[in-house]
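Note that chain A is present in both complexes that follow, paired respectively with chain B and with chain C.
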Partner chain A sequence: MIIPRLAIKNLMGAGIRTWLNVVVLSLAFVIIIFFQSLYKGMGDQAKEAKIDIEFAGGQYWHEEYDPLDPLTLEDAHGFVPGPLQEKVDKGEAAPILVSQASIYPEGRLQTIILKGIDPKQTIIDLPSKFLVQEGDDVPALIGTRMAKNTGLNQGDMITVRWRDAKGTFDARDFRIVQIMRTTVETVDQGQIWIPLETMRELMGMENEASLVVVAKNTVNIPAVQGWEFKNLEFLLADIDNLIKAKSAGGSIMYVFLLLLAMLAIFNTQVLSIFRRRKEMGTMMALGFTRSKVIQLFTLEGAMHSVLAAIIAAVYGIPFLVWFDKTGFALPQGTDFGFALGEKIFPGYSIGMVVGTVVLVLMVTTVVSFLPTRRIAKLKPTDALRGKMS
Partner chain B sequence: MKKLCGFTFLIFLCAAGCLAQEWPSGEWILERVDENIGADNKVSISEMVIHGRRGSRSVKSKSWLQGTEKSFTEYLAPARDKGTKMLKLEDQLWIYTPSTDRTIKISGHMLRQSVMGSDLSYEDFMEDPDLTNLYEAKVIAEETFKERSCWVLELTSKGGDIAYHSRKIWVDKERFVSMKEERFAKSGKLLKTFVVEKIERIQNRWIPTHMIFKDELKSGKGTEFFLESLEMNADIPDAVFTKASLRK
Partner chain C sequence: MEMSNSFLITTKDLVRTFPMGRTKIFALDGVSLNFKAGEFAGLVGPSGSGKTTFLNIVGSLDSPTEGSAVVMGKKIETLSHKQAAWLRNKNIGFIFQTFNLLPVYTVYENVEFTLLLLKMSANERRKKVMQALEWVKLADRAKSKPSQLSGGESQRVAVARAVVKEPPIILADEPTANLDAENSYNILDTMVTLNRELGTTFIFATHDQKVIKYLRRKITLFDGKVAKDEQVEPEKGKGEEQ
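Right after this comes the complex of A and B.
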């Protein structure tokens, strides 16, 4: 126990030098946790929004359906099979019909994706209730991004042209009944939603769909011929990959900060060993082995990170709790490429905090140990005279 | 006797008038149109002038057509697109671009996309459909269009897989050339128009050599199509309609 006691005493005795190192290291702690929580929060938020508004409990895709290949969408439809129709009838699933179409905002041709959804569905949080058809006009729902790109407003009529199941052109005027505000770009950008039955009739695709969304927490996922179930792991893989990529980019900053702190500690250790030669000689004369001296100096260095963790907790916890409540407001027009609201709320986990503490502790220990290797070659008589051999 | 003669003459005149009023069947007119324009093989050089919002640009190409299933097109101008080749076999399309030295196979749906931002789709541009096989025709009026007396025909799809559900065409009574055409969606909305500006006599047939295509849902002046040369029933080697010819 003498070594830890001596280490604490020496560390406190170093005064301002210790506290400067500790403060810098504590900043590294807080910033690492801050950024990690920010990326985790972004990922959690984007996933939650996608699940609520687009994926629910997963999707059955028609075997030809590939949302990344719009040219194949015209073939990607089929009769909703019995097991899935049963789920639809029970209100446990919502079929969606997807096709390519063209619109002509201000006389310019623009290719869009036309989607049909049951106005009464409750599986996804899309405001489909506005699609209840009341007159002769076909009601259409678009998102704010689509409205901005096309200059469309609520109540406007828009001519939409498409090819039906036989490849014959058809065109109608749709009325924009609602402009929805959603964080999920993939249900908004370049898309028009209309009532499912109307779309089936216009397309000549009675009782058909391109995909069927099942309710959240659905356990019974039957295998259906010609349709493939895509679970949330598959559907959210893009967000995970994107977060990983962004997180790797963001980590450069805190690696840099950690390097600065480690440089300060390394420098302190080198200076300590140089200035405390007589002290080392005295300890050896009193019976300390070289390894005990190395342990003492390494512990002194490593304890910087323990003190830094305590200091970081003192000011970091209130800051991170406040940040959790207020969130991080995104500047207008910011687009990370996935569903985010106006604010990012951080996401913390015990693993993240413990992982950061262990990482900093290990790095500090290694950095503290490296300069002490010179002690192994130190002769006690030289040390007492103030010489380094 | 005089009264009887006068009465007989009157009946004769009425009958003649009625006969003159009788229009030929739409099918018969459409067959004449197909006969005039149709050929087993065609080799043509044409120029397409696309009028856009920011100005006009032209694309010159040479095409080889065999029936309605096979076609091969090579772009001759502008310099940027020169050497680009397209091969269409049934509903498959391959495009070769010399700048990348690559051949890309495109799904059948690509045929429905606009050619180089023009008012024509690849279908419009490369196919030569026989209207008689696709549409029921009915004569609905006689009209004069560009100083030519025309039959106005209403064409309705026979129900097959066809791009335009109905068309209205103005057919020159003498030359059996479609002078103007309106193409409609299933809902009856006018989608495209096609107007012939100039006709020339080529190989004993009347062939439109200057036409204007217009996507009626789009703003703009449409796309002009100039036929510079045409050889019908030409001898086209089978090797032209192979993927190997794309790289030659």
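Right after this comes the complex of A and C.
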């Protein structure tokens, strides 16, 4: 118990230098935890949004369906098989038919994806209820990004051309009944949503679908011939990877910050060991062994991170709580490449905080220990004479 | 050789050399000296005669090149670093020319320092520290930092630190070299009192005539050899000051 007591005394006795190191290190703590939670918050938010509006409890894909390869969409449809139709009938799943099509906004050809969805479905939060047909016009739903790109407004008519199941070209005018606002680009960009039954009819694809979305928390996932179930882990892998890439970019900053703090501590240690030789000699004369002296100096250095954690908690916790309440407003026009609201709320976890503290503590201890190796060869007589062997 | 039991410290043909370019310096060149409990002895002699080197070996801070030194029954030349540290902690108090107080600790904490390594209750420590501070008349400065003390006061703290564990041996290397006459006498009087009341053996290394006046045994070193070893009648410190 003597060593920790002495270490605290020495550290406090060192005054301003200690506090400078501690403040730098505490900043590193807060910034690392801030950014980690920001990235985690981004990821959580993006995933939640995608689950709500697109994936729900997962999707069965027709075996030909590949959203990344629009050219294959032509063949990516088939009858909704019995077990899935059963779920659809019970309101536990929603089929979606996907096809390629073209539009001509301001006379220029643009390839789009046409998607049919049941207006009465409740599986995903897509505002499909606007697709209930009331007059003669076929209603269509688009997102704000699509509206911006094509110059379409609510109430406009849009001519859409496609090839039906037999490969015959056909075209039809749809009325834009609603422009939806969503953070999820993948249900918006380059897409037009129309009522499922209308689309099946127009395409000559009665009872067919390209994918079937099952309700959230569905546990019963039967295997279905010709269809593959894609779980959330698979569907959200893109986001996970993006977040990983982003936080890897962020970690350059943490490494830099930590490096700065560690350099300051290393420097302090080297200086303090050099300047305090006589003190070490005195301690040895009083009965300290070299290993006790090494322990003392290492602990003194490592204690910087303990103090830093305390200081970081003092100003960091209120800051992070405030941040948790108000969120982080993204600068206008920021595009992170995935679904994000205008505000991000941090995602904290105990593991993240404990992990950061333990990591910093370990690094600080190592950095504090390294310069003390000179003490291991120190002779008490040399130390007393202020000499370093 | 059966005498070694009655001696606190025995050295036999002690040799300590230091490399000096291609040759070596004989800092000690065959020193055989014995010390009994309760002595008030001093090593005198010109600069470089080996006084500090001798104290360092007896204090187990250093090892002899040849010969042997037995302190409190322990052969210095065979002690491990850890055993030597333990011997110093239990049995030997050091007083240095430059005081060597630990700067960030208070007077109280400086004196308490050696006790922290011994297994001792906080209460017992407190009693001993306050008593040691009484001996050197600094109880009222317990909370001061070394930087707030005069040289004389600093050395008195160092004396308190050396005696607080009531060691059988105190080694003092030029304890008065940085003090004025008044403070030197002050310290020496304190040491004589402790020597008489606690029976602590004091061994000095000094050129200071003020210290020499207090000695009861004067050992003159010259070129690493004992030139003279005499019992003397102290001119001062016989108790008349009290």
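Note that the second predicted complex is superposed on the first by the 389 of 389 C-alpha atoms of A that agree within 3 Å, B and C clash if a C-alpha of one lies under 4 Å from a C-alpha of the other, contacts with A are read in each partner's own complex, and residues count from 1 in each chain.
Convention: contacts are C-beta pairs under 8 Å (C-beta built on N, C-alpha and C of every residue); 3 or more make two chains touch, one makes a residue touch a chain.
The structure displayed is predicted, hence computed values, not measured ones.
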First (chain B), second (chain C), both or neither touched by A:Asp156: neither
Touching partner for A:Glu106 - first (chain B), second (chain C), both, neither: first
First, second, both or neither for A:Leu71, with chain B first and chain C second: first
Touched partner set for A:Thr381, first chain B, second chain C, both or neither: second
Partner chain(s) touched by A:Asp137 [first = chain B, second = chain C, both, neither]: neither
Which superposed partner A:Asp125 touches (first chain B, second chain C, both, neither): neither
Touch list for chain A against partner chain B, complex: 71-72, 74, 100, 102, 104, 106-109, 159, 161, 163-164, 166-172
Parts of chain A lying in touch with chain C, wherever the complex brings them together: 2, 5-6, 9-10, 12-14, 278-279, 281-290, 292, 379-381, 384
Sites on chain C touched by chain A in the complex: 56, 59, 61-62, 81-82, 85-86, 88-90, 94, 96, 98, 100, 102-105, 109, 113-114, 116-117, 161
Residue ranges of chain B touching chain A (in the complex, touch as defined): 53, 106-107, 109-110, 112, 114, 157, 160-165, 183, 185-187, 189, 191, 215, 217-220
